[in-house]
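The structures come next, written out as structure tokens.
What follows is chain A paired twice: with chain B in the first complex and chain C in the second.
Let's turn to the complex of A and B:
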């Protein structure tokens, strides 16, 4: 069993509030990614949950029991750090056994747990290796095994793959999913990498400036952002100004139905890959613009179209447009996210 | 590493400066010459003299008689035991206090360089100065005894416990402990600062209590530096002459004092024996230093930054 509940959690470093009134729940066996840019306070939350940092106010409950008063060593959590932080004076096997040794678990049962974890993390044959003889990926797997062998209610992962290369990161994400399926451990995973969060977790919680802005399944937070900042964080960077009247957003040559209340200043946002480009047709009521930039980014190319209302960013696969070409733009109504303008920072 | 046949790129030129063996010899020559002449030369000369070869004084034949005399002397064991006791005890006390001090100061040292400066101050004070200070403070007619008499704690100088020229070598121990604590603490602080708090935090989330974190994380990390600096301190105190000469008893003598007495004896025949004792001390010091280096090498191999 592994349930975590954070209620009105506020964390301060001196006079500076890093986390403000955070409410978050993790269900048993769930992987939740705490996503946010660097400096948003993600690691601070993990440290508070692990008992390494006292919160200023609020409460932390693990499996329904208050854990605020418990020191790190008595909490039913294990924190896997950004760096593997293996003990250099111990070999792989001894590192994995460290926690069990500290808790007095010895003998056949402990050995069995260690062997199981070694098998799950694919570290067979490396038990006697010194840790400095391992690759970065292997070291992080040892760190995982060392934490998981304690069978914590909640496994806290603080960007554990950030120092690995792209291919290895992908392998480690798969490993995390496999481990979670096999051990059913509840995991709180911190990352600044959107694809990592989406690839690993059941739910994503977005933390911006120390505040939780949206929580939900990856598709929901990505395609249905709660506010302007969330939309911007996920790359929805085209902002069309307008107003909301009678259930419609009215912008420059854009009219979209919306459930939001009427307001004189509103914005409609659209993802760059959702903007469609057409050859410009004279006399058409579609907005038009000129291609002012083409940047190849691998699978997609980013085009900048300069319109009367400002630049529009468009992502396109194998674009056949040329610099300076006049194009027509379409903003599909079902892809536009409408927000009152006051929300925009 | 480039594997043969896997790359057609031109050979990678080594970066940085390259030094040929000849240039290296020339560069190291002056320093090496001083070491060879002063240390190796002195050692060879000492070995010859210990072998009874002192032509200027009419001794021109090599013999093991003087070394034998020293080794068979009943005083050797007592003298060796006392020297070992003084060195080992002062080293142990200094190590213990240094560990506690370094642990207490590490957070402060992370924030300010002042701690390092304060630790460097006692390192610059010569042993002789400290020895004289201890003599002035702890002798029966010293400052503390007089203070004791003034406040009525003791009746007179004769009631004051013997702390210098005493059988337990308390005065000598006090000097060595005072002098060596900053040195060892300095070494430990560097390791502890390098280690940071992350390993301890990892240990805490892996259920290690505060005590377990000290014994299972901190101590193994600082052990090589502690051992190495302890061995250096041990080697120094084992061979140091001036402090036991000033603060030690006349019998049994510590090995360096015994060596000096023999060497400066008006009986010239005692000089080879003095040198033989000196050589014995040298062997012990060299072994300690080699052990210290092995320990540091071992730690570096295990990825511990010392």
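Let's turn to the complex of A and C:
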């Protein structure tokens, strides 16, 4: 249980600004994913919240109380790193007990908390194992138990599953959700993996170039991107140039209504899976193109359609098209995201 | 143990044990003259001399040597751990120069180092004192300790300390409950190096100590000069025992976990 509030947080390494003016609130018992490409400064935010890195300016409040002056060991946060970082000279049980020992919790109450956490993380019977005898997934579960046993207000997770294989990662996400339901711990989860962010969290915050671009429920940031960069980050890579006049976006061969203000240079973006292909009708003024590439990717295949206005990327299930075939393209109006072009970098 | 294992085992036993065979024979011999291959008479005269007649002198030598070696090892660690950490974890200008300076007392002949420093030590009133001898031993021991711990810290991930901090460990407890246990095997090796190096110093102890500090090697050389071979052999064996004990004791802590925990 805990609330976190970051206000105008700016972090610098020397002269380089890594995070600028970050504002973020976490509600009690919420899981928020901080999503962004590698090097966007996500881990830096976590370290600042944990007290391991002094921010340049701005403030951090935990449960409404300013925490800026507190050193890492006295903040009510625990950071779970990418690597399990278990203490090799302690066994599993001693590792989990480490934080309680450091904070002076002893006796039956401490014992009980440890046992409860061992049960929640499914580590029963492994207490006396040495840490190098555990598998990667077990090690990360010990790391989780070691952090959670302290019952921190905020649990900070820094890509904790990125070194695990796909199946284990899925199990760990489930575990995080289960733990969250049982302990109601507020979690700030950092990841570069979209599906992980969507699968784990209540809300997603997208960090690009050290700035927070959009915060909201997973479906919202995915389907209603706030700007061109956000749309691109989520794989919306088809860009149709045009302009906005009288409440309509006018492209080379598309015309869709929009609420945006008039603008001479604008773009409409569409996700590759939203583009529809149909057999070309000769003489039609609808956009047409030739299939110039088919790449099988498992559930979906990625087709490249070369049109007069450039290549369009299309994701399609079991495509029945062939290389070189002439196809018609349809851009459903409700799937096009229109942005003023000035936003694009 | 298979054939090759047995071969390896006996090769090691032989190569380590061979030098001690003549020592053992000499220490238990009464008469052993050329060209006999074997002592003509066995007896306990030498050991009797070591434990009774010269007993207090040798016990004094043992105590002095032990105190010297322990003090030197302790100070080597106190200097070596922070220095090794700085060299292993951080990059700073002049790091290569530091390595060169560190290796100097090792590559410059110890005689020259000891002679040169002797003049300084006389002026500073350190000659013929325990502190002076500790200092001259440190010039040889500290570089080794730093090199060992430099290597240890090159493989050390300081994130584990950040992890400990967020788990509620204060800076002091991070050093005591995380860093030291993590680098324990390396610390043991460094301590052992320093101890053994100090333990076997003769020349530097003689020059700086000026005969006032009677360590075991000093006594041993005196006995060898006197020409009493059985007694010299017995004292040599006494000299080996503490070093051997130190080695075996530390081998347990090195072997139990090895250096794996450092990674």
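The rule is short, and it goes like this: the second predicted complex is superposed on the first by the 344 of 345 C-alpha atoms of A that agree within 3 Å, B and C clash if a C-alpha of one lies under 4 Å from a C-alpha of the other, contacts with A are read in each partner's own complex, and residues count from 1 in each chain.
Everything that follows uses one rule, which is that a contact is a pair of C-beta atoms (placed from the backbone, for glycine too) under 8 Å apart; a residue touches a chain by one contact, two chains touch by 3 or more.
It should be emphasised that the depicted structure is a prediction, and the values quoted were computed from it without experimental measurement.
Q: Label the relationship between chain B and chain C on chain A in the superposed model as either fit or clash.
A: clash
Q: Touching A:99 in the superposition: chain B (first), chain C (second), both, neither?
A: A:99: touches chain B and chain C.
Q: Counting only touches as set out at the top, which of chain B and chain C does A:89 meet: first, second, both, neither?
A: After superposing on A, A:89 lies in contact with both chain B and chain C.
Q: If we overlay the two complexes on their shared chain A, which of chain B and chain C does A:36 touch? Say first, second, both or neither.
A: neither
Q: Is A:81 in contact with chain B, with chain C, with both, or with neither (first, second, both, neither)?
A: After superposition on chain A, A:81 lies in contact with both partners, chain B and chain C.
Q: Quick one: is A:146 in contact with chain B, with chain C, with both, or with neither? Answer first, second, both or neither.
A: In the superposed model, A:146 contacts both chain B and chain C.
Q: Considering each complex separately, which residues of chain A are in contact with chain B in the first and with chain C in the second?
A: On chain A, the overlap between the chain B and chain C contacts is residues 47, 50-52, 71-75, 77-79, 81, 83, 85, 87-89, 98-99, 102-103, 132, 146-147, 150, 156.
Q: For the complex, give me every residue of chain A touching chain C.
A: Interface residues on the chain A side: 47, 50-52, 71-75, 77-79, 81, 83, 85, 87-89, 98-99, 102-103, 132, 146-147, 150, 156.
Q: Would you tell me which residues of chain B are touching chain A in their complex?
A: Result: residues 198-199, 201-209, 212, 216-217, 220-221, 223, 302-304 of chain B touch chain A.
Q: Give every residue of chain C touching chain A within the complex, in rising order.
A: Within the complex, chain C contacts chain A at residues 157, 159-160, 162-171, 173, 177-178, 181-182, 184, 257, 260-261.
Q: In the complex, go through chain A and note every residue touching chain B.
A: Result: residues 47, 50-52, 71-75, 77-79, 81, 83, 85, 87-89, 98-99, 101-103, 130-132, 146-147, 150, 156 of chain A touch chain B.
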